[in-house]
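For reference, chains read A, B, C and D in written order, and residue numbers begin at 1 within each chain.
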Amino acid sequence: MPDFIHAYDRMLLIRRFEEAVEQLFAEGRIMGTAHTCIGQEATAVGVAAALKPCDAITSTHRGHGHFLARGADPGRLLAELFGRANGYSRGRGGSQMMMDPSIGFYGTNGITGASVAFAAGLALQSRMTRGERVVVAFFGDGASSQGVLHETLNLASLWRLPLIALCEANGYAMSTPQAVGVSVASVADRGAAYGIPGVSVDGNDFEAVHDTVADLAARARRGEGPALLECRTYRLSGHSRGDRREYRTREEEADAWQREPIGRLAGRLREEGLLDDAGLAEHEAAAAARVAEAIAFAEASPEPDLATIAEGVFA
Amino acid sequence: MSQSTTAQIIRETLAAELRRDPRLFLMGEDIGAYGGSFGVTRGLLAEFGDQRIRNTPISESGFVGTAIGAAVAGMRPVVEIMFMDFITQAVDQLVNMAAKLHYVYGLNCPLVIRTAMGAGRSYGATHSQCLERLYFGVPGIKIVAPASGADFAALLQGAIADPNPVLFLEHKLLYPLRWEMPETPPEPVAPGSARIARAGTDVTIIGWSWMAFEAERAGASLADKEVEAEVIDLRSLAPLDMATLLASAGKTRRVLIVEEGPRTGGVAAEIAAQIAEQLPDGLDFPVQRLAMPDCPVPSARTMEAALMPNAATIAAAALDLATRV
Amino acid sequence: MPDFIHAYDRMLLIRRFEEAVEQLFAEGRIMGTAHTCIGQEATAVGVAAALKPCDAITSTHRGHGHFLARGADPGRLLAELFGRANGYSRGRGGSQMMMDPSIGFYGTNGITGASVAFAAGLALQSRMTRGERVVVAFFGDGASSQGVLHETLNLASLWRLPLIALCEANGYAMSTPQAVGVSVASVADRGAAYGIPGVSVDGNDFEAVHDTVADLAARARRGEGPALLECRTYRLSGHSRGDRREYRTREEEADAWQREPIGRLAGRLREEGLLDDAGLAEHEAAAAARVAEAIAFAEASPEPDLATIAEGVFA
Amino acid sequence: MSQSTTAQIIRETLAAELRRDPRLFLMGEDIGAYGGSFGVTRGLLAEFGDQRIRNTPISESGFVGTAIGAAVAGMRPVVEIMFMDFITQAVDQLVNMAAKLHYVYGLNCPLVIRTAMGAGRSYGATHSQCLERLYFGVPGIKIVAPASGADFAALLQGAIADPNPVLFLEHKLLYPLRWEMPETPPEPVAPGSARIARAGTDVTIIGWSWMAFEAERAGASLADKEVEAEVIDLRSLAPLDMATLLASAGKTRRVLIVEEGPRTGGVAAEIAAQIAEQLPDGLDFPVQRLAMPDCPVPSARTMEAALMPNAATIAAAALDLATRV
């Protein structure tokens, strides 16, 4: 059984972190762009909980949650958003280009869908070296329309790569409802197009995500090849900064808030007697403190050295 | 006269063309209810409906290919690629299909691809590139990149009227700028002509898009220093208006080309090479290039700002060239 | 019922034409490259017989048969292979770049898979102008791995385009057997991934191809959207010039010759009493004569004017 | 010494590297039993098996992306793109991913992409292009394009040893050429150095790939006319070996650059611009470019031949430049 309390901590950390990011943008303290994942925490944390340290993840433009779930330092992550020298990419990457191979996190990615092919390459290395590593490649419902997804799933199936292509079906690609951008009811139905399992789970249910990923990872580790997993969730945040959310109603959002994953997991913790209200509040406070610390760290971080901007293009 | 932002000018030009020509339609990601990432098409869905303002799936190769077919079949597609960085996914369709249709088959392909280029918003290395160089050396594709309100209206009309594939480049930093616009829209300008943004005699500064805008500011600032810079807004990268460039270069004998993008392998190199070839004894000094170093665009605001040429660095380079003996 | 005799004529013409092309290459009388479609004639002719004059076809690198089936002039086609001024592309295109919009033939294409997106554009024009036109986009089993196929089918389904994406599953992509390059038993199974019909027919059976395409075209004309059709056939020719065919056995080929479509249709004509042996021989002779004429025409054609090579890049 | 074709030299170099480094593997369409479209990998499947000689589906974007991931994970993929024209489908993966990995993340990406470039075989506009210009202006990608047997061996080893993405360009017309090769293979040559193919004093001719080969022939033919041409085989397009080019240009004071590819927007423009910038008073005449006109490559043999620079047209242009007063 996965560690529910740890999962709860991580989900809270992600939620508080993303709220802070939105706040910092609103206050003009950070620049550029970011896509927050409020409402999708259970998927990120469910995946992370199901993987081994040797495993790898590739992420998307909406990747803070994936990264934090996998164990990123919130301070360095935020320092990257502040464009500082000790951010994960030394201020060179920003929200959509952050990576830490030492924890098996192979990058957020600003090119919708593109990282899935990269993930297949990580999986190919694992297979060719008879490694234990399984790779989870996150992508969105919108990204599922990208040709590179098709090319990669076909190739991964033929080569039996230990790859889980994981679609976070959060209802929208920017403003485009899934039904307008995806020609099939569930992205999981496309598994059949590649002769691989296509599975769909409630992405707001931490345990369901965990269990499904654990199963598919075990299968991949046995050499039985890739799978396509759809996690159904909802993006409660706007797409990115400045999204007026005119493409959906406030009622729909309120409804979705009823199903958001953190409250749900809290209920579960209470039911199982793992945490009472006081315990929950303690964890709440700890997450908030961790984020406050991260902001302080990021703001105190040095600016990048402008003299070296052009350096490091080649190894 | 009225004040409009660049984004409004593009929108109004598109709206006028949509009203005028029933064959015209728009395609792109989130151009409907959202109005596109930069709000350019905001409101058009309400007037023209979802048959003519078509939200596409995220499939740059597929929908550009589709637009090419529709253009050949007689439609007038205007495609939005959200960021120019994503045009990397449509290279095959544009280079191997669109660019060759007239040469090989004699077919018209009246296609416009609008896209948002450039740095300055801390969007990072995959959302900040100037990739006109990917297409600049490909025969069969026209490229325009306006820098002023009037030109956005004039060149967009010209691009839409053109029977060939045209890339229409919109710099992110230009979108919010306000321009005095006449009540009647400017006449169309076909791809292929540069604009003398500022007449002068001492040094020629050539730029396009945001760099032309900055160059114009640089030119104005140099007047205080008694240097009369001639600033040329290239506007059209393909075809190049070499006549205008050569006339200016022949007059000032000193040329500075400004490019947002890595120094090596850009458009400036071609212009420099052509000026040198065609004015063998006409220059006091070799053509100078001011560009970004050969590296990706980092996301941090501090680094990004340090990389991009701007009015001050352009003025300094132009002053140096103009006063060199 | 389709016109069997006309179909037989066209199939014979294609077969003789392709044999001539191989011969001309072997003799060094034409240069460059070409991909012949010996064994696949029933698919090309079945499609052409099912379409209306207003309809359109896009083709592939292996497109002579599609073009001839649609009514191309064999002389002008061959003149193009000879690089002559009155070839279909005035010597500028070659085998992989020939077009004749006046007969609804929108081009052979050297970029595997790419023309399917172009075909969707033709279909979009038809839909937006409420035209009657249906578009058939040929592609190969190998091409089915291309991302642009996925992107186009998704888009065509969402937009209900009158498009029939037609996979000529001829067993190989160059040297790659279908099972090595395609991760699903039948490409038609991928229709489900786009919520569109996926149909598979015997591509060597002229009538089956004709009937299926006629049905799917009628459906598309009614506004019911695209379909994915697999025509199972076999490439009896080598992939292109210089193919040693080491990737398959001569036995397999001999076996496939048993099922080749022209003999099959001849049998049918005999059975139905439409043609007797003498009649069949007459049509044979006519096809051979037509090809001989085409060769003569092509060889007598003028060379392109070298002074105008660089002209016509722009309209 | 033994005689080998270029295709054999590439094959043997690949085989030696495959034997030496267990991390190395090949990927590409039909590279197994078929040996690739040009037979370069023929026979390797038998020795190395299908785990290391991996036939890919027709998915240039997907398998290049996969190779990038494998390279980052510690493998040494050598990818074959059958014709350079198809590299248009991998632009996104190479430009937005591979090229930025070291700058942003400090990651090595030891990836080699081999591809067959160029015209001369009547393959038509989508199978004959020289598209190095698509990548030439993109920081983070190295490009090499050898022209001699020894260099194919030396530069391929150098490309494989390089920790960065390297495009390795093989001209179709070079594949069948035979070269005298020493029994022990040449030492690796890293990207970044040009080769003086022929020393001379009167005029510098710069080319790469097939054009370097033709330039060398042109240089030899000029000796009969008492013109000593210095012929430089560029070999490496990125990085450019400007030191060698400038030294030669400074010596001969007359430079001709030959490029197979449309004149506008090619690699020659950059070289011309840099030579002009860096030798302000060092040339007797502006750098000259000999290239193809700005049009696609037609398929007819007659037209294709008329378009491509060759030893005779190079010699004529060099003679004109060398004897100009």
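The rule is simple: a residue touches a chain if its C-beta (ideal position, glycine included) is under 8 Å from a C-beta of that chain, and two chains touch if they have at least 3 such contacts.
Remember, predicted model here, so these are calculated numbers, not experimental data.
Engineer: Going by C-alpha centroids, which chain is farthest from subunit C? Tell me that one.
Structural biologist: Farthest from subunit C by mean C-alpha position: A.
Engineer: Centroid of subunit B to centroid of subunit C, CA atoms only: how many Å?
Structural biologist: 41
Engineer: From the C-alpha centre of subunit A to that of subunit C, how far is it in Å?
Structural biologist: Inter-chain centre distance comes to 45 Å.
Engineer: At what distance in angstrom does the C-alpha mean of subunit B lie from that of subunit A?
Structural biologist: Roughly 36 Å, centre to centre.
Engineer: Counting only residues that touch at least two other chains, what does the list for subunit B look like?
Structural biologist: As it turns out, subunit B has residues touching two or more other chains at 57, 59, 61-62, 85-86, 92, 96, 100, 103-104, 125-126, 139-140, 294-296, 298.
Engineer: On subunit C, where are the residues touching two or more other chains?
Structural biologist: Residues 89, 92-93, 97, 110-111, 145-148, 150-151, 154-155, 158, 180-182, 312-313 of subunit C each touch two or more of the other chains.
Engineer: So that we know how the chains sit together, what is the shape of their touch graph: line, ring, star, complete or other?
Structural biologist: Its topology is that of a complete graph.
Engineer: Which part of subunit C faces subunit D closely enough to touch in the complex?
Structural biologist: Interface residues on subunit C, with respect to subunit D: 31-33, 83-84, 89, 91-97, 109-113, 142-143, 145-147, 173-176, 180-182, 243, 246-247, 303-304, 306, 309-313.
Engineer: Can you tell me which positions in subunit B touch subunit D when the two form their complex?
Structural biologist: Touching subunit D from subunit B are residues 61, 85-86, 88-89, 91-92, 95-96, 99-100, 103-104, 125-126, 131, 133-134, 136-140, 238, 240, 261-262, 264-270, 272-273, 276-277, 280, 285-289, 294-296, 298.
Engineer: Flag every residue of subunit A that touches subunit D in the complex, lowest number first.
Structural biologist: 89, 92-93, 97, 99, 101, 106-107, 110-111, 114, 116-126, 128-129, 147-148, 150-152, 154-155, 158-159, 312-315
Engineer: What residues on subunit B touch subunit C, complex-wise?
Structural biologist: Interface residues on subunit B, with respect to subunit C: 25, 51, 54, 56-57, 59, 61-75, 77, 92-93, 96-97, 100, 102-109, 139-140, 142, 163-164.
Engineer: How about subunit A: which of its residues touch subunit C in the complex?
Structural biologist: 145-151, 153-155, 157-158, 180-185, 189-190, 192-196
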